[in-house]
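Going in written order, the chains are labelled A, B, C, D and E, and every chain counts its residues from 1.
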Amino acid sequence: MRLIAAAIIALLIGALPARAQPKDTLTVDLPGDVATMDPQLQWDTDSYTVYRNIFDNLLTRDVSGKIVPQVATAWRYTNDTTIVFDLRSDILFHDGSRLTPDDVVFSIARITNPALKSPQLSQFDQIASAETTGPTQVTLHTKSPYPALLAQLVKLSIVPKAYVEKVGDTAFNQAVIGSGPYRLKSWQRGVQTNLEANEGYWRGKPFFKAVTFRAVPDSATRIADLRTGRADITRGLTPDDAVAMKNEKALKLSSIATERVAYLFVNALSGPTKDKRVRQAIAMAIDRDTLISALQQGYAKPTNIVLTPANFGYVADVKGWPFDPAKARALIKEAGAEGATISFITSPAYDRRLNEAVQQMLEDVGLKMTIAVMDQPTYLRRRLGTPEDAGSLSQGRWSCACQDADGVIFPLFRSGSVWSKFTNPEYDAEVDAARATLDDARRLAHYHRAFEILREEVPGIGLFQDEAIYLMRRELAFTPTANEAFFVYDMKWE
Amino acid sequence: MIGHIASRLGQALLASFGVLTIVFFIMRLSGDPTLLLVPEGASLEQINQLRHQLGFDRPLPIQFAAYLGDLARLDFGESLVQRAPVLGIVAERIPYTVALASGALLVAIGIGIPAGIVMAVARGTWLERALAGFVLAGQSLPTFWSGILLILLFGVTLGWLPTSGADGIASLIMPSLALGAVGMSTFARMTRIAVLDELSRDYVTAARARGLSRGQAVVGHVLRNAAVPVVTIAALEIGNLLAGAVIVETVFAWPGIGQLAIQSIQSRDFLVVQTVVLFVSLVYVATNLLADLLYALIDPRIRMGA
Amino acid sequence: MTPVLAIENLSLSIAGVPVVDGINLGVDAGEVMALVGESGCGKSITSAAVMRLLPGAVSQTAGDIRLAGESLSRLSERQMQAMRGRRLSMIFQEPQAALDPLSTIGTQIAESLRQSARAARPAVLHMLDEVGIADPARRIDQYPFELSGGMCQRVVIAAALIARPELLLADEPTTALDVTIQAQILDLLRTLARERGTAVLLITHDVGVVADIADRVAVMYAGRIAEAGPVHSIFAQPRHPYTQLLLASVPRLSDVPKSPLAVIPGRVPTPLEFGPGCRFASRCPRADAQCVAQTPPLRPLGDSDVACWHAA
Amino acid sequence: MTPALAIRDLHVHFPGRKRLAVRAVDGVSFEIAAGETLGLVGESGCGKSSLSNAVVGLVAATSGSIEIQGQQVVGANRAALRHMRANVQMVFQDPATSLNPRMTIGAAIAEPLLVRGLATGAALRLRVEALLEEVGLRPEHAGRMPHQFSGGQRQRVVIARALALRPALLVCDEPVSALDVSVRAQILNLLVDLQSRLKMATLFVSHDLSVVRHVCDQVAVMYLGRLVERAPAAELFATPRHPYTRALLASVPDPDPIVQRAKSRVPLSGEIPNPANPPPGCRFHTRCPIAADLCRTAEPAWRRVGGGDVACHFAT
Amino acid sequence: MRRISPGMMVVLGLLALFVAAALAAPLLSPFDPLRQSLLLRLKPPGSLLGGRTFILGTDDLGRDLLSRVLFGARVSLLVSVVAVALSFVVGTALGMVAGWYRGAVAVVIMRLVDTMLSIPAILLAVLTVAVLGPGFLNLVVVLGLTRWPRYARVAYGQTLQVAVLPYIRAAEMAGAGSTRILWRHILPNIAGPLMVVATSEFGLMILFEAGLSFLGLGIQPPAPSWGSIMAAGRQYVERAWWLTVFPGACLFGVVLCVNVTGDWLRDRLDPRAASR
C-alpha cells in the first residue's frame, strides 16, 4: 500500500515531461507498448520497432530493400543446405563484452529451441544447426534447400550469450543488453520506453542522444500529440488522417509502399464461393481504382496478384480480372448464385470501410454479403479453422517481413496450410518447387505459373500494395522503407 | 460489528472466487492465444506444438485446477505475451489506475454531491433545471467522443494540458474529467434523491420549528442522514469507474489496468486478465467493506449494533 | 387581554383548492385549546400555517396569524426563524421521527437556545429533569434510538419548551404512544403549560384526550370550524350535529356493550366536492335546502360558538 | 365441544442482540369457545401481535400448542398450514397496507375462493358481490381499486376478504386503531353485527380498552409476554383485579371531561422493560404501585379469583 | 393524480418524437442509408450533389447521414429497449425470488449479484461477444447478462420491504402459493422503482452499445446505430464534424429525456427508492 502511495506521488510530482527542449531526444508515438524487449520472443510491429534499435541483426536491408551486411560481413553457400557467414569482430555489447561467433550460434540455438516457446520459431525452424567454424566465422545448416533463409535471418537479433545465460530469460527480457545504436535506459510498462545512445556504437555515434517510445493507442490522440509537439513522429495513421494533416505547417507526411499486400481471401472449399465462377465474378466486381482513390486517398498502389512488387517473386505480367460488373453479374447468374449470401468475417484490426465498400460492390452484382466483426483471436480461430467455419470472404493485409513470395502465397494457398482454403495439386507442385531451389530464375518461373493458376482459380484477390504513413515534425529527416523498418540511427534533424 | 465484517469478508471472497471462475471459463471458451502468438506463415503442426507447449490442449477443469493451485501459492504466473511475471505487470499499472480513479472520484464527488444537494434544496426552480441539464450531460455523451473533444480543445487549441500520457498532475486532468463525468451525474442524482428523501422527514420540520433555517437544517441534520445512501452509491460507483476506465484510458493513452485489461483480452493473455479482474473484484470488495465501516461512522445505530 | 395566539379568518389552499376556509381561533396564556377533527379536516395544516412551515404546495390565501398581537404573516422568513423555537414551538405526532437519528438529544434540545451544545448543557440537563427524564446526565449524550417512544416525546417537549415560548403547538402528541404513556405525557404537558403560562394549541382527533386536558375546544370539519367553546359546555351540550354525532360515536366504558354506536353516514367531502352551503349538509340528519345553499356563520350560542342553521 | 382456539403454554421467541432471545410470548394459555370473542389487551411490545401472528401461522411458535378447532398449528407443514388457514382469517390494523394497491377489491375478495378452487366464473362473482353487501358495500364496487376507497371502506373490504372462507376463527389485530373516530364506530358496529349473525369465534387484539369492552365477551390482559389477568368482560371492567389492569383502565381517557377529571389516576411510572431481559419475579413489579419484596423474587401463580383468573400475589 | 408540468410535457413529447422518427425511418429517410457513393465521401451538411441534397452531409463511405441517423435511431433504441427488457426480466425474477425465499436461495443469488457487479461490465461484454460472436441478438444478450444485477438488487430490497406488508400476509392466508404472490402481489407493487432503474439503464445501454462500437464489437456493419456512426466518425471530428455532432446530439437528447423522465417517475412513484 505504501509502495502504491509512493508510486502515485512520484507519478504526480515527478516524471515531469521533457518537453520540446533543444531536442537531442526523439519522441516517437507508437500505437502500442513493447510486449517483450527480448527480440527473440514477441515480434509484433511495436516491439520490433523498439528493440530493433537496441540490437544488431545478422543481416539487414538497405533503404532499397536489398539484403546487406550487419553483424555478418559476407556469406556464401558451400552447398544447398550449408552457408558460411563471416562476422565483424569490432562489435561490443552495451556491457562492454565483445560480440563473438558464439553469440551468433547461441542466438540461433536459442530461438530454435522449442523450450523458449518463441513465437518466431516457425521462421527459423528450417535451420538444422549452427556452429562456430573460426574466430570470425559461423556455419549454418538447413534441413533442406531454403531460399528464404537470408530473408529470415534479417530478423535474427544477436543476443549476448554470457549475459543471457547469467541472468536467465525472464530477467533478460526486463533488462536487455544488445549491441545496437541505443541501449535500454528504462521501460515504464504501458507508458513508454526510454533509450539512450550507445556512444561507442561501431557504426559511429548516433545523432539523437535519447529516444522515447510512447504507447498511445488512439490515432486521434497520436495526431494531437504531434500537433502539440509532444511527439516528433508517429505511424499507424489512416489515409484520411494523412489527408487531414496535409496542411499542418509544423508537420510533414511521409509514406512508402510496403511489402504488405491488401487482398481478399476467397474460400474455394466451402459456401457459394466453392463455385469458381462466383469467385471470378467477385474478382470482377471489385473496383480497385475507386478503392485506392476514394478510400486510400491514393496511399496505395494497385496490384493484380496477392503480392507486392517489393517481394521477390512478383510477376507484373499476370493480368488481373478487370472491373466488369456486368460480366460479373452474368457469371453469377450462370452459376445460379444470385442472391447467395457471402459471409464476410473480419476483426476490428482491419479497415472497416474497405469491408463495407466491398459489400456494396458485391451487392451491386447480385450477391448478398453479411459482415461479422469479431475480435482478433476469434477471427483468427475461424479464419484458420475448418473451411466451413472460415467464412466465404475476408480482408487480409499480409506481410511476411521477408519480402519473398514464399512467405506470402505458400502459407496462404498451399494445401495443408492453415490459412489455405484451396486445393490444387498443380499449384502445390509449383510453390513446392520454388521452395526447393536456390536458383532465383527458376523460382521466378515457378511463381509465374503459380500466379497464373491463382488468377484462374481465384482463392484470393490482390487489391493493392499498402502504404505506410508516417507523420513527423517537418525538420526530421527520415526515409521509410518497404519493410517498415524504424531505425532511429538513420534519422536526424535537418 | 466485527462478526458482521468477518461475514461480509467471507461472502465477498466467495464473490471474488465466483469472478475468477466466470472469467476463467469465459476466457477459455473464447479461444486460446496460440494463433496470435505464431507468425503468419506457421503450419498447423507448429501451431499445435506451441499450443501443447503452452498447455492449452489440456482439459479445462485440469487447467482450472492448475491455475487455482498456483494461485493458492500466490503464484500469479507469467504473461504469455510479455513473458514477465503477471503480478509485476499488473502492479505497475495500479498506481496509474488509482490516480485516475481518485481524480475521477474527485470530479464525481466534488461536483456531483454539491450539485445534488443544490438540486434537492432548490427543487422546482430554474436552478435545479439548469443543474439537471448540466449533470445529465455527463451521462449522455460517449466518452470516446467527449474525450477527443477535450483533447482538441484543451490540448491542441488552447495548449493548456498535455494531450496524452501520464506525466504529472496536468495529464491527469482531462482523463479524470472524462471518466468522472459519468459518475458525477450518478452522484448528483442519488444525492438529490437522498436529500429530498430526508427533507421530507419530520425531524427536518422539527428542526425548523426549533428555529433553524432551511440551510442550517440541511447542513446540521439532513446531509449526515443523506450520506448513507450516497456512500452506498459511492462504493458501487468505484466498480463502474474501473469499467469506464477502459475507454478513457485508451483515448488518453493512460497506462491503467483498464487499458491493460482490454489489450490482454484482445491478446488472450489469460493470466493478466484474470489477475486484473481479481484485483478489480478485490477493490470492489474492499470499497464495500469500507462503506460498511463508514456507515458505522455516520450512524450511531449501526455503530452500537442496534 | 390580547390572546397569545390569534388566528383571524385564516384561509389556506393547495394548488388553488381551498382546504382551510376562514377560521378564527384564539388561545390565551396558560390555556390548552384543542383543535379536534377527523383526518383531512385541515387541523394539521392550520398548525403548520401558524409555524409558517407550510409544505410548498400550500399557500395562505387570506387572514392573519398574531402572536401576542404581532402579525406573523407580515414577518420576513428571517424574522420568523428568530421566533420559532423561542416564542412559538411545536411538538409532533411521531416523537422518534421528529428527532434526527444521527444527533444526540442534547444537541437537538440545545438548538432552540441558539447556543452551542456545550454552553447550553446545564440548561438542557435541567430541562430534561423537568420533563421527567431520569438520569439526564447520561441521557443527554444518547441518540434517539436508545430511548423509548415516551422518552423521545419527553425530549421533543424539552426541546420545544426550553426557550420558554409563549405558544406551544402540539400536533397529535400522544397518538403514537401507549395509553399508560399517553397519560404521563398529557399530565406533563398540562403541568408545564400551567406552571409556565404557556398557551397550548393541541391538535388531536381523540376526544378522550380533549376531555382530559383541554380548557377550550374547537371542532373542525372540512376546513371550517363547526363549533367552539369551553370543554365542559361542548361535551355536556354539543350543539352542532357533527359534534353530537362525533361524541356519540365514541365507545365508552360506561356504554352497554355491543350496543350500536352512533354513525355518521357517508364520508367527509374532499375539497373538490365542497359546495356553497354547510359542508356537513350531505351527511347531516337535519340538513335542509338552506343548509345546502348557504354557509352557516359561526354564531354565539350559550358558552359556545356554533356554525349551524339549526343549532339551538 | 372443541374450542375454536386453544392455546397452551405458548412461547414465541425471536433471536435478539447478543444471543438473548426476545421472548415476545412467554408461556401463554387460553381458549376461545366457538362463537365467543376474546379481547387481548396490552401495550405495544407486550407480545400480543406476536401471539396473533402465531395463531394464524405467520410466525412460527417456539414451543407450546395452538389448536384451531382441534387442529394443531405448531409444527404443521406447509400443506397442512394452508389447509388450516381456511379456518382462520385475519383483519389487519392498517387498511392502507392490507390491500394490494394494484388489484381490484373484487379480485382481492375473490382470491381466497379462487386459489382454493372453491368458486369460479359467475358463481365467484356472485359470491364476491354477496360478501360486499355483507360488509355494507355495494356490489358494483368490485371493479374499483383500493385507492378509490376511504380507510373505513377499505377495512370493510378486508373484513369481506376474511369472511370469504367462512372461517371458524377471525383474528382482528387492532382493526380500528388506524381509523377516524366516526369511521371506527361504523366498523365496530359491523363487527358486532357480524359476530351475532355468523357466530364466529374472534380473537380481538387491541390496546384500546373501551373498544375491547364494546365488542368482547372475554378479556385477557397481557404484559411483557405473559397474561396477567383473564375474565369475562363485564367482570374485568367492573372489578379489575390485577394492578396493571387497573392502571390501564385508569389511563384510558374518558370522553367526558367531568368523568375524566374526577378520575383518580393510578400513577404508573416508568416504561415497559426489555422483553429480551424481563425482570425476575412478577414482571410488572418494576412499575407496580403495590409491589412488595415477594413480587421481586417469586413469580405469581395463575389463580382463580371471582369469575376470572389473575396472576398477582395480592389480587383479591 | 398530479398534473404533468409543461417542462415535462416537452420532454415526453421529445421522447415520443424520437420514437416516432425511429419507427417512421423508412418514410422519413430521403435515401437508402446503406447506399454508398465513394466519390461523395465526407460532404458537408446541405451539399447538393448530383441532383441530391444531403441535408446532414455524407459519411466516410458517401452515405446519406440523415438517413443513417434516422435508421440508427431504430437500432439504438431497439438495442436499448430489448437489452433493458431482458435484464429487467432476469434481474427482477432473481431479485424477487431471493427476497421472497431469503435464506440460502438469497445468499446464492445475491453473491452472484456481487460477483457480476465486481466484474467491469465492458470487459465481461467484450469477452462474451468473443464467445457468442457478434450480432444484434448476441449484443442484446450480452447487455442483458451484464446488467441484470442492478435490477436484482432493487427487486431484492423492494421485495423484502413489500413481503412484510399485510396484504402479502393476507394473500398467504388466502392460500395463495408463492408463484401467485410473486406474480400478482409483489411484482405489480415493486414495478415502480424498477421502472426507474430501467429508465436510467436505458440511456446507459445506448452508451454501452456506443462503447462496444468504439471497440469494434457493437452493431454489425453496415447497419447504422448512433454509437457506430459516432465511433466511425470520431476519426473525422475536425474534418467532418457533422458525423459525430448529429448522432451525438440525438444520443444526448434521448438519454437526457429518458433520464429526466426517470427522475420524474422516481419523484412521482417512489420518493424512497433512493439507493440502487
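Convention: a contact is a pair of C-beta atoms (placed from the backbone, for glycine too) under 8 Å apart; a residue touches a chain by one contact, two chains touch by 3 or more.
These numbers come from a predicted model, not from an experiment.
In terms of the stated touch criterion, the partners common to chain A and chain B are E, listed by label. Of all chains, the one whose CA centroid is most distant from that of chain C is A. With A-E and B-E as the two chain pairs, more C-beta contacts join B-E.
The centroid of the Cα atoms in chain A and the matching centroid in chain C are 88 Å apart. With centres taken as mean Cα positions, chain D sits 86 Å from chain A. One inter-chain figure worth recording: chain C and chain E are separated by 51 Å, centre to centre, where each centre is the mean of the chain's CA atoms. Chain C and chain D have Cα centroids separated by 31 Å.
Residue positions of chain D in touch with at least two other chains are not found.
Residues of chain B found to touch two or more other chains are 30-31, 148, 152, 265, 306. In chain A, the residues that touch at least two other chains are 220, 375, 377-378.
Across the complex, chain A is touched by residues 30-33, 35-44, 46-47, 49-50, 53-54, 78, 81-85, 89, 92-96, 98-99, 102, 148, 151-152, 155-156, 159, 162-169, 172, 250-253, 255, 259-260, 263, 265-268 of chain B. In the complex of the two chains, the chain A residues touching chain E come out as 219-220, 238, 240-241, 243-244, 290-291, 294-295, 347-348, 352-353, 355-357, 359-360, 370-375, 377-378. Put simply, chain C touches chain B in their complex at residues 51, 53, 56, 77-78, 81-86, 89-90, 92, 94, 97-103, 108, 111-112, 114, 143, 145-146, 156, 159-160. Within the complex formed with chain B, the residues of chain E that make contact are 7, 107, 111-112, 114-115, 117-124, 126-128, 130-131, 200, 203-204, 207, 210-211, 214-215, 227, 230-231, 234, 237-238, 244, 248, 251-252, 255-256, 259-260, 263, 266-267, 271-276.
In the complex of the two chains, the chain B residues touching chain E come out as 11-12, 14-16, 18-19, 22-23, 26-27, 29-31, 129, 132-133, 136-137, 139-145, 148-149, 152, 185, 189-190, 192-194, 196-197, 200, 229, 232-233, 236, 239-240, 242-244, 246-247, 258, 261-262, 265, 273, 277, 280-281, 284-285.
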